[in-house]
Structures are given as structure tokens and as C-alpha cells.
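There are two complexes below, and they share chain A, which is joined by chain B in the first and by chain C in the second.
On to the complex of A and B.
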């Protein structure tokens, strides 16, 4: 009996030690990646300090905006930062490990036949290996684009999904005295006016390949739908039906356009071909149906309708034709935008007299408020990778374009002051 | 005259009463068990007790983490006891009449019984005889012997009380976070299986903190929060990582890659375990804040 007790006790002790042999770590201690963003060095010829500085600043801005990284102070860099190392054997990883660096950005540039050639390298300091490398060639005006493109690759290396920084944002601005269509980089640089309608231009949307933009213009007196080719600059009127031709959105496969038309007297959702031909009437209700946005698969549309009293969000299944309300407690919902990932829908909701941005799951659950504070935040649109949202706001006086991460952090104004900017749309590709 | 018969009562029998009762109990159980709540059951978050003054250490001392009386505290109390016992023995010496050896032997018997009797078998013989004789005179003179015994009993009681008081003081000091000894070696804190000399929580907790500190992953790198992977790591006696393998991978490349980096960053332990260490590390995002 005593032996049995002893044996049981021994077994108990063994099981206790076996349980101790497992350690559970329930969250990372460092929730950002330590990155060293070194200044690019001349590979040959004369140094171009302005180019090197701009490259580093753009990379630094994009890394910050991603929320993924913790940038190390360049003042702490040792001499390896001053040595161009385009292969992993040329990099002194010990120096970078000493600083706690996890990934390292190095590179160089040179002028070759009047063109600027930029080499970027991304190293994994822990594994002591090259993660990715890119060579870009262009003029000195392309410096920002090169940096944006490389940060997109950095994000792809680190997360598996390419970044959105080299894509562009279309928006409406009235700095000329008229609401015109503009285009700018994702950080607000290189703003460019696209239209000269000297009227009211509204609701831009990019085609999936990023080469065309649709918008509504009041130039002919009626709010008609236009399409503009960004490469050639050519414009075409897609829909000039009497009444509204507004809030057009390309289907994700680029074959159709959903929009609101009021030719029948009541604003309804319609489906057009990319040439403007009428395909199908989507809604037929006494209520006002506006602001359609496609699901990534193109099989559902979320839109705003006042068919149940106040403006609410509804999701329509295009195959079955079934429509279901997904918004809940609020009294006024507007401008929904379906995430390219498909998992959430961003929209604005009025509380009191202020509009703020929220997201919700397509099934109507898990509504989350993303913006707070004074001022209206309106017209949210997703970045192509669903990491960010762009929107317009008058929270700091004049109406401007802002971007933030999809969780509501990292809010940043990207449009310049001096105009009233609104109705942003994020391109899927550059 | 016949007694009126009771009208037939329409009562269910005992079986049905029990069945209804059982069904009602089952219903209550089902309602409160959360089976019908629909959504997935939320995992209970662990409660972490963080002692900010006694952090996880590499080499925890033996003892109890709750501040209870540690073996070392007992050891510290030991020397006082025999010292106090041996000291008073001469005090009763002048009282008894018999030879000087008798009272010492009598006095030493109850306190330190082991050592003195065995070494001198020859010389104790004569000593034993008087001891027998001693029993007789004790009968004849009970007052002297009893008074010695009473005094010794009182002394023992006071010593025991002093020990208990010391232990209590140590416990109170440990609970209040004070180091009883100042140096830390005698403090009643440590692990039941500890063998080291540091005050604090156990080595496992230290390793957990070590891995957490070296694990770097942004919440923007992952799209799901239910990721989990288990890595088995092996360290040699000198604290060098000799092997690691994924027992369970999460299926998410970014998550698993961050774990590989963590293991590589922790390839050298800042202490020498003295034996081969092998354990599983489970990495997950249960405590990652949104």
C-alpha cells in the first residue's frame, strides 16, 4: 500500500514537472518592428544629398503611417550605415543587432545617362539575409514614387500583402473657385487638377485598373456621369439621363457600374455597362436609394435607403435580389464603402449634429466607431489593401482630406490647406 | 351509515412528479450553462498577480512564493534553540545534591538526546548507576527535581513561543514586501522547488518574460487573432540553443516567422542552467490588445 502511495506521489510529481515544461506567451512584448532606415549613398558619381534626403523622408513617412514599425534614431547608427552594401555579405549585421535592429533598409543611387537609378535593399538582421531588393529608374521627379513603391514592397515582405503607398487619391477641391477633380499621391504630394468644368464635380471613383476615373459633373446643367482616361486625358459622358446620375461605383471586375439615377422620378440604383448602356434596374422602391458600394466578389451591394424611415444601410444580394438592413441604432447613416478584404463596411453616421466614421461587419454586427471629437468626418473610402481609410473632414477648420489606419489610429491630414477638399477616392493601382 | 369515500383525486403519480422535477432541473441547468447563448464561449483570461518588488528571477531560492515560513527561515531559527537550551542547563546545576554529572545528563536528555550518550560507553556506566540512584532520591526529594522539570518545561514553552513569533514576524514581513534579513537569503520567498539564492518568482515565469520581451510582432502584421504555434526548444547546460522545432505551426507566415526570429534572438540564455533544458513555448495572441 505504501509503495502504491509512493508511486502515485511520484507520478503526480512527474505530471507536475511535465506541466511546467510548457510556457505560454500570450502576446508579443514588442508590438512594432525595429527598423533602421539609412540614407541612400552614391554608388558612383557625385552625391545628390537632396535626392537621398527625399528618398529617406518618404520612406520614413510611409513606414510611420503603416503603424508596423519603430524607426531607430539615425544618430545611433554605426559606420555600416555609411557603407553601401547591396549584398548581405557586405553588411555588418553585428552592428545592427547591437542596436536592436530587426530589419534594415540600405541602398544607393547613381545618375546613368541622364536618368536616376536607385537601388533599394531590405535586410532581415535577425536571420542575416536579404529580404527584398528593387532597382528603380526614372527622373528626379520620380524620387517620391520610387520610395513609395519600395515601402509597398517592404510591407509585402513583412506582412505578405503589398502596401498602398504608390497608389493615388482622387478628390474634389474648390481652390479655383469651382469644384474640380484632382489627383494626388497617397501622402498628399504631387497634387494635380484633372478637370476644368468650371461647374460642380462630385463623387469620383477609380476603375479597377486605375486608368480611368468616373465622376458626376453639373457642367451641362444636369448632374451627368463622366469617365476620364488618366493616360490620355480624354473624357466621355457615360450617362446623361434626366435627373441624378450620381455616386457611380465600378464593379470590382470592372465590367459594370452601379449608380443612382432618378430618371423615373425617384432615386433608384441602376447598373450600367462601362460604355454607359443600361443593364439593369437594381431597386424599385418608393424610398430614396443612393450610395452603392460593391462587395469584393461583386455579388452584393451595400447602399443607403430611407425605405424604413431614416437613412439606413442595406445589403442587397444581386443573385437573389434579397435586401437586408444591417445598420442598427443610429438615425442617419451615409456613404458606405465595402472593404476590399470584404470583412467590414465603413460608413458615416450622424450623432447629434456631427458625422463620424464607423465600420461594421457585412452581417450588421460589431459596429465600431473610428473617429471622435469635433467636426464632421465624411465620405470614407478604403485603401486598396484595406489597411487605411481616406475621408474628408472639417475638424480643423477648412475641409480637408485625411487618412487613418483602419482601426482609427494614425490620423493625418494629407491635402494642403487653402481649398475645400472632399469626396476622396483611393485608386487600386497606380 | 357508511363513511363517505374520498372523491378520487386526479394526482399524477410519483414517477411523473420526479420526471417533471428532473426536467425542470435540467432546464435550469441548460439555461445557466450558456449552451443556448449561441455565441462562442469566451475564454477566461488569466489573472496575473504581479509582485513589483519580487520579479521573476533566474535562480529562485527555496521557499514559498506566498511568503510562508521558508526552510531557510527555520534553519535560521535553529541555532537559537540549542543555544538557549544548552545555556540554561548549568543554571539548575547547583540545586541537586548528587554528583555534578547527573544533572547535566538529566538536563541534556530531553533537549539534545542523541549525541552525548553514545560516545562514552565505559565512562557512562558509572554515570548510569547514579542515574538510577537518582530516581530514588528524586522520590525522596521531589520538590527539587520537579522544580527543575517545571522550569525546563516553561523554558521550552517560551522557546517555542519565541520560534512561532519569529516565524509570524517573517510571514508578516514577507507579506508586506519587506526583506526580513536585509540580504535576502533568509527571506521567506521563493519557489517550493527552488534551489537558488534569489528572491522572486520562479524560473519558468522568468523564461516566459524573456520570450515575451524578445517576441516582436505588430498587430498590423496579422489579420487574425486566433493564431497559435508551439515551438519546442532545447538548451544545453551552458545555456546555448541546440535545437528548436515547430510542434504546431499557426499557418500564418508572418506569425511563424516572428517566432523563428524570437527563438534566434533567444539563442543564448543569460545564465547557465547546468543541465539540458527542453520545453515547449506556446505563442498566441490572446492578450494582444485591439
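On to the complex of A and C.
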């Protein structure tokens, strides 16, 4: 763990140097940057206290989740927090320096022709300058998204890498009595049911452009692969081979889909075009081959196979076809997910009777355990910036969706109660 | 009534097996030994898996000879009974084979029936791996029935993995109930 922290520290320092040499960024979880997150003020017209409060709360939640910031107590803010001046000449930086503030979030809002306009600014208090500013326009339902988008920009300003908070998470939930596909914000808000198959829907994956989701459904009487267009809501059946059509994953360039089919009589990894056309067979082995996940370059796949007895992790080079086991001496490995940064693979491993989440380097070295304690933690998937993992857990009774930082800290349940939730997938774009 | 009886005897059997496993587990305390034991178990399972999928099937052949006489005095079976599997296994136990003999006889008597074999798993393990395992259980069952003379076009398979447990409890007894193959008469 220590080494991961150091590594992240080094990486973050590097990117921070590029973006902004002034603010020193330490490891996530160390809460190092002192940030003042003020409530946005009305730029004209009536105050909208509920809007202002929600914007501040969402920003505050995301800043906490990032683990990079220490948020100052709003009760300590002086009168500049209540002054609408938004340019760097209008902000009273002395007040914020007094409080030890390193960065300051200020902004305002107004209604214009039924639309809500929101302006966010991020200031470097030490150097008294604007770091970034964004304005958003939308309806009052878009308030949370505006706040998430701005925190994504704050992370970009501070570390050089955009945050993931405005992206969304697809998952499976059974609250209707059937397992259906749902979509929610990265903090669990605005959950929305996407399918009405009244059967069993499983294992979604986003296309890299975020506009489509694939999933497996038993509605036709067989576990077939579907693709849903999130814009139009249209569904198409992509793969309906006899037997299994499961665990489909888009290649990172969006041009192909790897999945497990058992039409040949044995579960094998196959490559399909995005229209469902067969491209080629990836495995040819009597063992069970499931759960493919692509390297970011799309040249390798990590997957689960029982070809050496128990379910283990294997990495296949697609050009050479060379396959090698990367998992160690555990007896049951499952659901590998290759980080979008390429350097680690998250997976679950059963010890005793419980599954926990680990990461390992793609060469099979440096395995690290991220989760502990009772309950199964399953199906880890990375956030698009590789800062976080989303997964399902029954650690508090009833299966829910959780997120945590990539070092295992900051664990937080995001799905609501009322159903069993599982199989999360994090979109790469909003 | 009959099903209840089977359930109880299954549970008794399981308790005995579980107790035996516990005793073995206690005997092998050192971690290194346990790990080696598991690896070996894995390798043995692999070997068995290969045979299972192969054409030879010595185990199946053996029980068929035993069933020649059983077939001359067919047992009265009023329905197709489900069979159970061991953890992370898809080979057919002697008990499962005995039930399949009865099921095959039932299918011979009711020669117009088409049957879908549904493979299921307990909730432990990954969902996708269990979908594959459930399919293997259904396929092993199908193959056995075919070897008993049931026409292939009367049998189809589907795997539900761990999706539809008979007993949602997280106990060894519930897990054992859920590792099964069921038979659904198709219209």
C-alpha cells in the first residue's frame, strides 16, 4: 500500500508540475490542499437557496471522494464568501489567506429565459489568480451534473487529469422483481431504469464513446447479447448463438467486442464486430474461458480460465496468440478489469469463502489486496481516470454498488436500498 | 412427499460430508500443505473434466452396465427429478446417475416429451464463470441421457448460473440445493 501511495504521489506531482507548479499535490487520502468551497450567489434576480445548497453539497462530496483536499469549515469564512465579486481583482484574497486557504471556489447563478445559468471559478489564493472558470446552462434538474463537471475541471487544474464525477455508472438491479439495467450518476443520484425485459439482464458494458451499452438478457429464452443506444433507447440483439453470449467488453477503440460464446459446445472467447458479425475466435481450449477485459491499447486481453484446474487469470497477446497465467497461488480468481491507465489489473479473489478485490501488474507481479472485512466484494470496474473502482458488495447485507479510491480508501455505498444491485460499469464519457 | 424425503436425505448426506471435510481440514492445518492439497485437487478435477468431455467416459460406461438389469424392471417415476452437483464440479455423482436412469426411463415411456435441461450453481464464485459451469452441468446431464438412448433432438440445455437459487440462504445446505440440473417439459 505504502508503495502505491508513493507512486501515486510521484505521478500526481509530475502531472501537477505540468499543470500548475504552485500547488503541491500529495497522495489521495492525505487531504492536503486546503480548499474553501463557498456557496454560489445570485448574480441577478431572486436567490435560489436550494440550488445553491445542492451545488455546494455535490462539489463538497466530490472533493472529499477525490481524497486530495481538506475542506475548510464554511462557518469560518469571512464576508468575501458573501460578496458576489467574481474576478480576481474583486476577490479579497487576504481574507482567504488568513484562513489558510490554498484554493477557493466561488461562483454565481441566475435564471435566464427559464434556463439556469451557473458560473464557477477556481482561484489559486496563494498566487491570487484564476485557475479555471466554467459556465453551465441547463434546467434545475441539471444542477448536480453542473457541479460534477466543475469538480472534474478542478481535478484537471490541480493534477492535470480530469475527474470522473460527471460520468455515469450502469448496473443491474432487481427492485422490480426482475433483474434490469439501470443508470445512475457517479454518486448514485438520478438512478434510471433502462430496460423492461422482465427476465434476467446481466453484465453491462459502455461503448468507449459512452453512447451505447451492451448487456446479456434471457428474454429470448437464451442468454443473448444486446446493445442499447442511450440516446434513442433503441435495442438490437447482437449475438444469439446457442448457449452463452456473455461478459461482452468493447475494445477501447470501440471497433470490436470480446465476449464468451458457447455455441461451439464449450465457452470460448470470441471477437465480434460492433454489428454482431463474427470476426474471430480468440480461445480454443476445453476449459471455461470467461470475463475478458482489454488493455488500453487493445492489443492484449486478460480473462478467467480454468484450463489449469481452478479459475485463474490469463493474459493473451492478440497478435501472437501467446497466453500466460498471471495469477498466483489462490484457488479462485474472477472478473479482471484492466485499468484505463494500463498499469494495473483489478480482480477478485476468493479466500476462505469470501471474495475481495485486489490489483496486480499485467506481468503478474506486485499483487495488492484492496478490500478487507466481511462480505463479498465483486465485479470491480475502473473509473475512466483510473482514480476509483466501482464494485458490488454484500458487506452490509443486501448487495449494493460501492466506490472507493484505487488504493482501497474512501469506501462509499452509492446505490440506494430497496433492491439488490450488482454488475456496475463506469462510462468513459458523459 | 417424495421430494421432501429426498431433501432431508440430501441434507443428512451433506452434513456427513461436511463433517468429514471439516475433520480433514482440521487434520491438515499447515498452510503450505493445504495449498498443495488444493492445487492437487484442482489438477485432479481438471483431469476428470477432460475425461468428462471426451468420448470415452469410462465412468458412464460402468453405470450403464449396471443399469441393464434395472431397465428390465423399470421404476415407476411420475416426473423428472432434479439432480445435484458438488461444488465447482459438473461430473455426475452415483446418486445423480441413478436419478438420471429413472428420468431416462420416464422419457422413454413418454416418448413425445421434449425436455429442456437447466443448469444451476450456488451463489459462490463469479457470475460469468457460474453461467459456464451451469451450462457444463446441463451438458453433462444431456450427454448422459443421450447415452441412455434419449434422442438428442428431444433435449436442449440452458444455464442460469447462480441466477435462480432454490434456497437463497447462505448455508452449506442451501448451496447444495442450488447446485443442480432441472428438467422442464417444453411445449
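Here are a few things to note about the model shown:
Here, the second predicted complex is superposed on the first by the 399 of 430 C-alpha atoms of A that agree within 3 Å, B and C clash if a C-alpha of one lies under 4 Å from a C-alpha of the other, contacts with A are read in each partner's own complex, and residues count from 1 in each chain.
Assume a contact is a pair of C-beta atoms (placed from the backbone, for glycine too) under 8 Å apart; a residue touches a chain by one contact, two chains touch by 3 or more.
All values derive from a computational prediction rather than experimental measurement.
Looking at the superposed arrangement, the partner reaching more residues of chain A, out of chain B and chain C, is C. In the overlay built on the shared chain, the residue A:334 is in contact with chain C alone; chain B does not reach it.
In the superposed pair of complexes, A:200 makes contact with chain C only, with no contact to chain B.
After overlaying the two complexes on the shared chain, residue contacts for A:79 are found with neither chain B nor chain C.
In the superposed model, A:33 makes contact with chain B only, not with chain C. Contact with chain B, but none with chain C, is seen for A:158 once the two complexes are overlaid on the shared chain.
Applying the stated contact rule after C-alpha superposition, one finds that A:275 touches neither chain B nor chain C. In the superposed model, A:387 makes contact with chain B only, not with chain C. In the superposed model, A:405 makes contact with chain B only, not with chain C.
Using the contact criterion defined above for the overlaid structures, shared-chain residue A:141 touches neither chain B nor chain C, since it reaches no partner. Chain B makes touch with chain A in their complex at residues 46, 204, 207-208, 211-221, 223, 253-254, 258, 260-261, 264-265, 278-290. Only residues 35, 38-39, 41-43, 45-46, 49-50, 53, 88, 124-129, 131-133, 135-136, 139, 157-160, 163 of chain C touch chain A when the two sit together in their complex.
Chain A makes touch with chain B in their complex at residues 20-34, 66-69, 102, 124, 126-127, 158-160, 341, 387, 405, 407. In the complex of the two chains, the chain A residues touching chain C come out as 179, 200, 202-203, 218, 221-223, 243-244, 246-247, 260, 262, 265-267, 286-288, 290-291, 304, 306-311, 329, 331-332, 334-335, 348, 350, 353, 378-379, 422-423.
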